[in-house]
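Dropping the structures in below, format is structure tokens.
The following pair of complexes shares a single chain, chain A, combined with chain B in the former and chain C in the latter.
For the complex of A and B:
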């Protein structure tokens, strides 16, 4: 019974932990500009992150190796180093965007300057990571993140045009570069690489073994499945409220407004608290991912399950990530812009992250009977090809569309 | 757990590049203490080669980066100086090779994880560490 409860709690945390500022920004904007047309891109992205999260969790449970261990081991030192640099740049941009997002949400809740809230946000998150154990962090932010279901309620409240929803789930090619910029953004926002770094390291933190493979699969299917529902709800709400009026929701305030319009002040408050948990949780995940990556690449002791004094370089690294992100957020860059850049650049770090995971997950030498079946390997290769395609087109599209600004 | 399956590692044969190079080192207490940055092979052309040591450290790693960035990095780190930016762990210290390379001694005694040992007292001053 206790074991069942543990599993349930873990899954609930996974549901709440899926969305971050990138998902909020890209899904709302995509809905406001293209209505229901991009719902299919959510499915493509979520299936991809599901496939690779399942694989990296399984590899970690069976071999005790998190992703960056595998990257260095399979790619070797030089290619591994290239992957490390790319992923750390993306991680830092991600933490910066999330810290900025936390400050903006706090500003919407209370009246005080951005810089004060960015500082409080960064310091608050450092204290939270320092004080709470790994499982505690995941749960607190996961549970409060469930408040984002208010967007599902909002979408249902307005009565979605179900035939348009059905139509949006069918992929469609258009000749507009803005359309393709948002296709890539929506897919990439779901595929953010810090999620697999964090997830696989978490499996080692929680001492998973082969007996936890069922939990791994359930986590991924239920967690990301519901994550897809939340992402689609955001897009649908924007299609209902913003597309007809031509509102461009380029701020987090417009995201929260989508819950205020149907449900008033209460809706706004619930949405803001949910966003705060989702964005704050993502800042923690991404800064820990930065520390996991560096420690695993260089062989340092790491993990929240170690005392801070026993993994000092790991500890100093995640603190530095949050402080550096705070400093970057204070330069006056728009957090929504940083979000878009981090999401689009993340696509470039993805192929080198996922290739070694796929190579080791299908390798019976390491994985024995838990190696990939035919479905996982086929999906893995399909997504690898897709991601390489996205990586090649992402930067030109970013420049051509002026980061979605038209 | 498939610790010893397949062609990577049997009784009398180890695929060094596949199962040892770039793997995680852990000491006798289970502490992570660096990576297998390089291997020292002893012998000559035409004769048998023997693995005599695991090499660890920034001085060793720098030599593995190719091209101009590699040369730049090597100038910064300097050539390998044993006991300083490079450590030599005799192969006899290897206890077991699974998904990680387990060593018989403690990290301190092998000169490994020096950075963590150095910074530990600093972090230990903070409450709750």
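For the complex of A and C:
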């Protein structure tokens, strides 16, 4: 039971990272357009984020230093500043999309104006972060987010074509640029940098030490495993329900409908509550990640475990992130569009985020006996090459496909 | 008949045909509008001056989007007719879908079709209006089961007509 409670950090990081508003719609769209064909991309993404989350958690546990601290030291001020700016822009876009997503889900539940729910969502999240301790936030949003398992139940209810599922787990090259746009989107969504900023800072918040390395691995395996299962379930449900009927999964309402079709009103409510927790969790992940990054880069006091008056600049930063995101959401931008652009643009920040983590994690002068083994280092380099490839191709593909528009 | 089989049959009703050509690209296009402000300004300018051309492919994608909206609306209406959903969800989602159909109608109406496509374009605009009307009826009375059944049938007819429009090209 204790171990189960300790994996909340991994679950909220994974659910917030894998199943924010953009992922919910993106995975459903991928299933509706390509059936089971893109399941393999989820596996590639989850293995990559698992490798780097484990490394960043291990570095935090052993050295007590979160990712942005490491970035600043290894890359120096100028490159660190570039990474900071890129990651903060992506964080702000992500929080904007999530605030919009929270408002849309509340609208689907209670039908009142978007602006009212966006305001309530932003203020509600500020109150939640202010009042709840870090562990409480993890548990509330992580475990309520598990209601998204209703999509796993929906997929099983309709009887997946297991041979097609197996076929979808095998990578396949296609000539369609739209296909590759979705491949990159699915992998990049799994590798969003705010996940490791949040995860490694969370490890420091929870005062992990070398004795917690087992908990770190458990968090990664179970947390990101859960995220991957839920992502694949969304794709499978869309392949079962929407691909044959030609439905266009363009909104969160269409995502929730996939749970209502098999389970009626109860399924719909469970799905909407799970989506609310996942999207709200992602807003918290990304806004805290923004505050962590800035505080760690500039050497401020930081941490939810500190009282607000003991870390005032950190506190002001995450509050400002949520308020700025609310203001941006009120400009009328489509939250789904915003998050999908942020996913694609985040790949530019990925190499600068993950390279320092890899360099520190394999450095025995820092990590001692807890430095990377051969497998972790090899996987780290393989994924770094992949990440650079994603960074090089993401923007041209975005333009070539008119952001997936063909 | 088990609920699983019943649901499958209801979903597969009239949908055993191949998907419309260009549908995938069509709905991705509707979902992800270019965000660059200069593109929006250019598009708005073209629409305002009536200079936006409409090729056969673009028309088919537009009709594909309408068919997708009609099919999704039919599923939504079916849930309302069977009292298996929440009225606020039906109202809000029907409104979203109606707005999508209306947006598609405006886009098609504002564009100048290539030679020989005027008739199809006009029928597509009229079809979009009927889809939006049906969804608005669902939005207005999301808890009326008889009304929802009628909406389901209207949207099924609209989806079939969209398929016929593309097949006729």
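Please note the rule applied: the second predicted complex is superposed on the first by the 388 of 406 C-alpha atoms of A that agree within 3 Å, B and C clash if a C-alpha of one lies under 4 Å from a C-alpha of the other, contacts with A are read in each partner's own complex, and residues count from 1 in each chain.
Throughout what follows, a contact is a pair of C-beta atoms (placed from the backbone, for glycine too) under 8 Å apart; a residue touches a chain by one contact, two chains touch by 3 or more.
What you see is a predicted model, and the numbers here were worked out from it, not measured in a lab.
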Next on the checklist: Clash or fit: chain B against chain C, after overlaying the two structures on chain A?
Outcome noted: fit
Checklist entry - Given the touch rule stated above, what does A:261 touch, chain B (first), chain C (second), both, or neither? => result second
Next on the checklist: Quick check for you: in the superposed arrangement, does A:158 touch first (chain B), second (chain C), both or neither?
Outcome noted: second
Checklist entry - Touch check for A:334: first (chain B), second (chain C), both, or neither? => result second
Checklist entry - Counting only touches as set out at the top, which of chain B and chain C does A:27 meet: first, second, both, neither? => result neither
Next on the checklist: With both complexes superposed on chain A, which partner does A:342 reach: first (chain B), second (chain C), both or neither?
Outcome noted: neither
Checklist entry - Which of the two partners, first being chain B and second being chain C, lies in contact with A:131: first, second, both, or neither? => result first
Item to check | Three-chain overlay, vertex chain A: chain B-chain C angle, C-alpha, nearest 10 degrees | outcome: 140
Checklist entry - Between chain B (first) and chain C (second), which does A:76 come into contact with in this model arrangement: first, second, both, or neither? => result first
Next on the checklist: Quick check on the superposed pair: does A:368 touch chain B, chain C, both, or neither? Answer first, second, both or neither.
Outcome noted: first
Checklist outcome for this item: Overlaying both structures gives a minimum C-alpha distance between chain B and chain C, in Å, of 25
Next on the checklist: Let me check the overlay on chain A: which residues of chain A are in contact with chain B and also with chain C?
Outcome noted: none
Item to check | Residue ranges of chain C in contact with chain A within the complex | outcome: 3-4, 7-8, 11-12, 15, 19-20, 22-35, 61, 64-65, 67-69, 71-72, 75-76, 79, 82, 84-86, 88-89, 91-93, 96, 100
Next on the checklist: With touch defined as at the start, can you tell me which chain A residues reach chain C in the complex?
Outcome noted: 25, 29, 32-33, 107-111, 157-159, 178, 241, 244-248, 250-251, 253-254, 256-257, 260-262, 264-265, 268-269, 272, 333-334, 336-338, 340-341, 401-406
Checklist entry - So in the complex, which bits of chain B are touching chain A? => result 1-2, 5-8, 18, 21-25, 31-35, 37, 56, 61, 64-66, 99-100, 113, 115-116, 119-124, 126, 128-129
Checklist outcome for this item: Note: in the complex, chain A contacts chain B through residues 62-65, 69, 72-73, 76-78, 80-81, 130-131, 209-210, 295-302, 307-313, 315-316, 364-370
